[in-house]
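There are two complexes below, and they share chain A, which is joined by chain B in the first and by chain C in the second.
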Partner chain A sequence: MKPKVAFFDFTCCEGCQLDALNMTGDQLASLLDAVDIVEFRETKTGTADHYDIAFVEGSISRDAEIPRLRGIRERAEVLVALGACACIGGVNCLKNAFEPEDALRRVYGDDAVHYDTIPARPIDAVVAVDHYLHGCPINGEEFRRTVADLLLGVTPRVPNYPVCVECKMAGNVCVFERGGSCVGPIIRGGCNAVCVTAGRHCWGCRGLVDDPNVNAQKEILERAGLDVEEVLEKFRIYLSCRKEAS
Partner chain B sequence: MSDKNIHVHHVTRIEGHADIHVVVTGGRVETVRWEIPESPRLFEVMLLGRDHSDAAHIASRICGICSISHSIASLRASEAAFGIVPSEQTERLRRLLFAAEILESHILHIYFLAAPDFLGADSAFSLAASHREVVLRAMNLKRLAYTLADRLAGRKTHPISCVVGGFAKLPSPGLLEEARAQIEAAIPDLEETAQLLATFDIPGFTRETEYIGLTAADDYPFIGRTVASSDTGVAPIEEFLPTIREHCRPHSTAKHARHERESYMVGALARFNLNAANLHPRALRAAAALGLNAPCHNPYLITAAQAVEVVHAAEDSLVQIDALLEAGIRPETIHVSPRAGRGIGVVEAPRGLLIHDYTYDDDGRVTAADCIIPTAQNHGNIQRDFEALVPAIVDRSEEEIRRALEMLARAYDPCVSCSTHELKVRLDVER
Partner chain C sequence: MNERRTPRPSHALSADALAAMFARLAQSMRVVAPTERDGRFAYAPVDRFEEVRLDFDTTVLPPTVHLLPAKELLLRVRLGEAGSAEQVVDDLPTALFGVHPYDLRAIELLDEAFLGTRPDPHYAARRRNLLIVGIDCLHPSATSFAPSMGTQVATSGFDLLLTDIGEAHVATVGSDRGASTIDGLPGLRAATDAEIAEVGAQRDAATARFLVELDVPRERVARLLVDHYDDPYWEERSNTCLSCGSCVMVCPTCFCFDVADDVGLDLTSSSRVRRWDGCMLSDFARVAGGENFRATSAGRFRHRMLRKGKYLMERYGVVGCVGCGRCATACLSEIASPAEAWNAIAKIDRERREEQRAAAVDGSFVPQSVSLGRVVSLADKEKLFVLGLPGGRGIGHMPGQFVMLSVPGVGEAPISISSSPTREGTLDLAIRDVGNVTHAIHGLEVGAHVGIRGPFGNGFPIDALEWKDLVLVAGGIGLFPLRSLIQYVLDRRERFGEMTVLYGARTPADRLFVDELDQWAARDDLRLLQTVDHGAEGWDGPVGLITTLISPLEIEPAKTMAVVVGPPVMYRFVIAELKKKGLGDNQIILSLERHMKCGTGKCGHCQINGLTVCQDGPVFTLAQLRELPEAVQ
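And now, the complex of A and B:
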């Protein structure tokens, strides 16, 4: 019996599932040789009652999602959070700055009563998570490596060094040297600093490293002549989520 | 006559969550409903107060499949608000990015979402065993689209380099030359995609409706400012936008939209019906091979129109790359001076007309945002198609009816999680 793998999504754009599928035909063939994909609503009909590995994308943003996620947890040996929405709440948490009723009313007007919404939160605010695949979106190579590790019984390694490490290895000119602002010094790497390499700055989608040196970050900002509060507001896109929100 | 109660709780092989509910009592159709229970994401409030330099980054996250469309629509809305006219180089590079997205999204739909229905499989994963060469072709074409977008914008899902006014990093001529060779080499595979579709037994249902999309005199546009309706003709987006009426519906977190009639269609078939004359000759040959003629009123053939569009997108990419290489890639200084005002950005996402409409304050912060999403525009049309189709097939088994409705919904390639990101209630809300 091949290990059973399933994919699920909650509140999200479903981009991480698609990026998980972004591989060569040969890679897909070897994946399908190694596992049975038993549930994947976006690309497949059918359900299963047990999964050796469940990948869960999306944050939790409505009451009805909570029992569904708990059910998946009960049926899963190993549960992997797929992408920023599942790992840290992602962009969905931006709405948490507004009262739920107010947010709904702004979008749906007086029909807002039809809709159920609660503050967005990562999935580990609801169930235990065994592994995290960070990023908005995930990195396909990291996904494939994690699958291989799990199949081999190895604990997947989650990078715990800042983006700056990979940014230097990529040979980029520091964003601060270019006159911009960046949160690379305190954000978990593993993305190969793709945003800086593509001409922008780090937005923080992989969340904070375990022991972020926040004081050093503040010093960098001050030295660069940047307003700390303004920069924190800018980077609220990924850093506004608090598990206590739940 | 037997009673039937069909409830498909979450249609599979579509993007996002949607249900189908049909009740037939004594041969009489009591209920036919296309239901949207997707989580509301409230992107409008996420954009409120954000700086113009962050708007496209956030808007891109509305959809993982069409993030390039959302990014470019967002950038164009900001540019319109600030009076910025992108350079010809930027426009050509954006067209190339669109080609990557159309290619990836359509190939995903044709091979992974639609084809299993016609080849008797539950997914492309099981097709990998029975039709290995078909799945390998699909994976390679998808890969090509990802590679092209990686080169142009750093990444396909949530592109990085495209910014208000242009590109934060430009591709080298060498990368464009490599991309050109890869696209050219893939064209036979795209033509085979059309040939594969021609072998599918596509249902013969037709229902004439209103078709809406971008148009141009001598182009098959994916980026533009001029909208055509098959009912009311051509209008600039600023005039057209107020004529769309959105309304909330029970059982749906996505709004429904109306224009001239009860419902209208956007997407590949609408574009084909409006602009077929401007397709590349090779794409027209693919259409002929598929028996697709404009106007076509069979929504099951949306998938066929997608197969035509991928050929066109590839051919157009070659034209754009040649023009870029001939002119030489030139570094540009991007100058953004925010000012208070409103701007509308409109593009053709893979699933149809996509409009981002932003209002900014003097500091370049968003004070109001509204997105009109393709699938939300199609929801009403899917419902009307269901209402027309069910009475015609009511004598069939529950299984056959369910399958016919699922395949019809799938043909629209609905992107449900996108459509519930429907932003502001701007027009008359019907209660």
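And now, the complex of A and C:
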């Protein structure tokens, strides 16, 4: 019997699931040869009571999501966090700087009474996570490699080097040399530095490396003549949950 | 007589000739050249000569990228029972059009590393198909220190080398391929003497434009780095290291890599891929069990600076850093330049030397005159000479050091000091009558004058012995230097753990310092065990070799240090017994005797491989000696 694979989403845009399937026809055929996709609301109906691999996208930001996630965890052999919201809380954590009631009212206005909200958090704040696929969105190549590794019983590699490594490999001129600011030196790589290569800077969507030298990062921002607080505010978009949420 | 091989500037190319040369190359191969990118320069495949910027200062990534790409496929692997591995090589003919001399030197290093032993077929295929057109660096980047590394001018490593002299480019031909690259080009002619002289003038002028330089000759760097391996500098300077790896990613002499398998979703096809990796990344030395063998950024920072300044040169015979300055430009924390680190270490070294010079005895051969205050016969051929020092002041020695004893008209001999510096105002030399100098002093009476120079040598490593249990093993006159240490420990007893002294003499009559041995035996904070090789009437102690005292000892190997001093023949057997007790090579300390004429590390007599016994010794750990084939007996 083929391994059963399922995809789930919580508070998110579901873009990582789209990117997971954004592959060539041959690759998709290989994937469907190798596994049974038993639950995936973007592609099919139906549910299952057991998953060999569950991919979970999204952060947890409502009470009702907690028991649902726990249920998935109970039914899953291997649970993989899919994308920035699931791995590090993602952009949803920006909300945590506000009072929950204020945030609800700001978004939903008078309809806020129909909704509840709790501070957003990554899924490993609620259940144990076996593997992480970082990024906003995830890197398709990394997704395919992770699936292959899991099917072969190999522990998937999670990059623990900063974005600078792949940025240098790409031959980019450093964002700081171009007069901008960037958090690449303390952010987990694996994205091939796509944002810098495209002319922008690293936003930090893959979260911090395991042992970031945050003080040194602040120093280089100062040396570049930048207002540290202002820059950190800009990069709060992905980094406001950090690990303290877990 | 050897033919002169260094290629000389020979041809002049007009602008048209240069363009024609580019076109000729582009017809038959991919041409990679420096181009402008975001205000800096980068190597890129180029179709049109107009895009080439031969006036570049330096490039973001070095040209070595085209020999060792950031990511390259090594093997195509089929999984399954009939698995297979197919080697993949890239042999696309390529011209690197515009390579600075420092990068030429880096390619020479890579050639040594990848082709020297066990040639790498992937590198070899690219290298074989690579044509290199060098260009003199006339517009150095602000962080480069190529002249200090001797890489500002190239005499090899290119097929063709160009120098921009304004109205033309002068070419130096480095190979037959280089010659045929320009052969017959329209606008090519022989360079005039004035043009050839201008090549030298342009290089000299460019050399003066480099802003960074080493404060020490590069040949001295390796030694400085070893001497200051434990300096706090490494920790302090790496405080702001981001461990981002930028310095090693942009380095032309960095070539470390990772190899990993990428399996396709069909689960049958796999790629074994090589990617750049680097020792500045935190997980570089981590193994599967979780242990990280270079876990701190200070350790990684130091390792990189030693690899660049010492290890690569020693391994491959080519400078490990070519002074391109790319790392210094790339490092956001501004700590990556080897020139800065080496200069800092050189400064620390200069300051330390100045202190030492101010404090230390000079290398003069003039001895200090001292009188014999007391002479005590110890045994048949051994006497103790207690020296009267002027003003009763000591000579500032430590246990295990020695002096050069001088008897006018006879000569000098190295003699270990037998008393502890904690016994102020006395300097004991216990001496066996074996040679001219020692025979002469044996003939002197109290009040006679002799000379001493010193103290010399390193002495016993007190820091490593403190707070440890000590096993001190003396054979024969090995007790002479060891007595100094035993006295020292007794005078600072609270700073040491248990002390066991093992003493072996040939016969009871050969035992030295008999009164002191009796005093030690009576103490309860020192355990003295004695043996003699041959018994005699009146001796009721053990008879047997000193090794027989070791086997019954009960020691805690983790907190024990052993110090062994005796005749060479004794060492091998005592070491074997101590190893049986579980002591490591760093826990066994020995003192060596060698022929010496100066005591200041110059005369050469006491050298063991690269070390001198008078300066680096006479005290060594067994671990140190294992690295010295000449010392192993």
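Definition applied: the second predicted complex is superposed on the first by the 239 of 246 C-alpha atoms of A that agree within 3 Å, B and C clash if a C-alpha of one lies under 4 Å from a C-alpha of the other, contacts with A are read in each partner's own complex, and residues count from 1 in each chain.
Keep this in mind: contacts are C-beta pairs under 8 Å (C-beta built on N, C-alpha and C of every residue); 3 or more make two chains touch, one makes a residue touch a chain.
Everything numeric here is computed off the predicted structure, so don't read it as measured data.
Peer 1: Taking chain A as the common reference for superposition, should the pair chain B and chain C be classed as clashing or as fitting?
Peer 2: On the superposed model, which is not a single observed complex, chain B and chain C fit side by side.
Peer 1: Which holds for A:162: it touches chain B only (first), chain C only (second), both, or neither?
Peer 2: Only chain C is touched by A:162; chain B is not.
Peer 1: Give one of first, second, both or neither to describe whether A:237 is in contact with chain B, with chain C, with both, or with none.
Peer 2: In the superposition, A:237 contacts chain B only.
Peer 1: In the superposed model, does chain B or chain C contact more residues of chain A?
Peer 2: Between chain B and chain C, B touches the greater number of residues in chain A.
Peer 1: One more residue to check, A:151. First (chain B), second (chain C), both or neither?
Peer 2: A:151 sits against chain C, while chain B stays out of touch.
Peer 1: Which partner does A:12 contact after superposing on A: first (chain B), second (chain C), both, neither?
Peer 2: After superposing on A, A:12 lies in contact with chain B but is clear of chain C.
Peer 1: Please state, to the nearest 10 degrees, the angle that the Cα centres of chain B and chain C subtend at the Cα centre of chain A after superposition.
Peer 2: Result: 140 degrees at the vertex chain A.
Peer 1: If you stack the two complexes on chain A, which partner ends up touching A:211: first (chain B), second (chain C), both, or neither?
Peer 2: Second partner only.
Peer 1: Between chain B and chain C, what is the shortest CA distance in the superposition, whole Å?
Peer 2: Minimum over all C-alpha pairs: 11 Å.
Peer 1: Which chain A residues contact chain B in one complex and chain C in the other?
Peer 2: 23
Peer 1: What residues of chain C sit close enough to touch chain A in their complex?
Peer 2: Per the stated touch rule, the residues are 37-40, 42, 60-61, 65, 70-71, 239-246, 249-250, 260, 262-267, 275-276, 278, 281-283, 297, 329-330, 332-334.
Peer 1: Which residues, counting only chain A, touch chain C once they are in their complex?
Peer 2: Checking each residue of chain A against chain C gives 23, 27, 30-31, 33-34, 144-145, 147-149, 151-152, 154, 157, 160-162, 164-165, 168-174, 176-178, 184-186, 209-213, 215-217, 219-220, 223.
Peer 1: Residue numbers of chain A touching chain B in their complex, please.
Peer 2: 10-19, 21-25, 28-29, 32, 37, 40-46, 61-62, 65, 90-92, 94-95, 98, 102-104, 106-111, 114-115, 117, 136-137, 194-195, 197-200, 203, 234, 237
Peer 1: So in the complex, the part of chain B that touches chain A is made up of which residues?
Peer 2: 10, 12-17, 39-42, 44-46, 48, 50-51, 54, 57-58, 61-65, 67, 108, 112-113, 116, 122-125, 128-129, 132, 135-140, 142-143, 146, 153-158, 160-161, 163, 167-169, 248, 250, 253, 255, 417-418, 422-425, 429, 431
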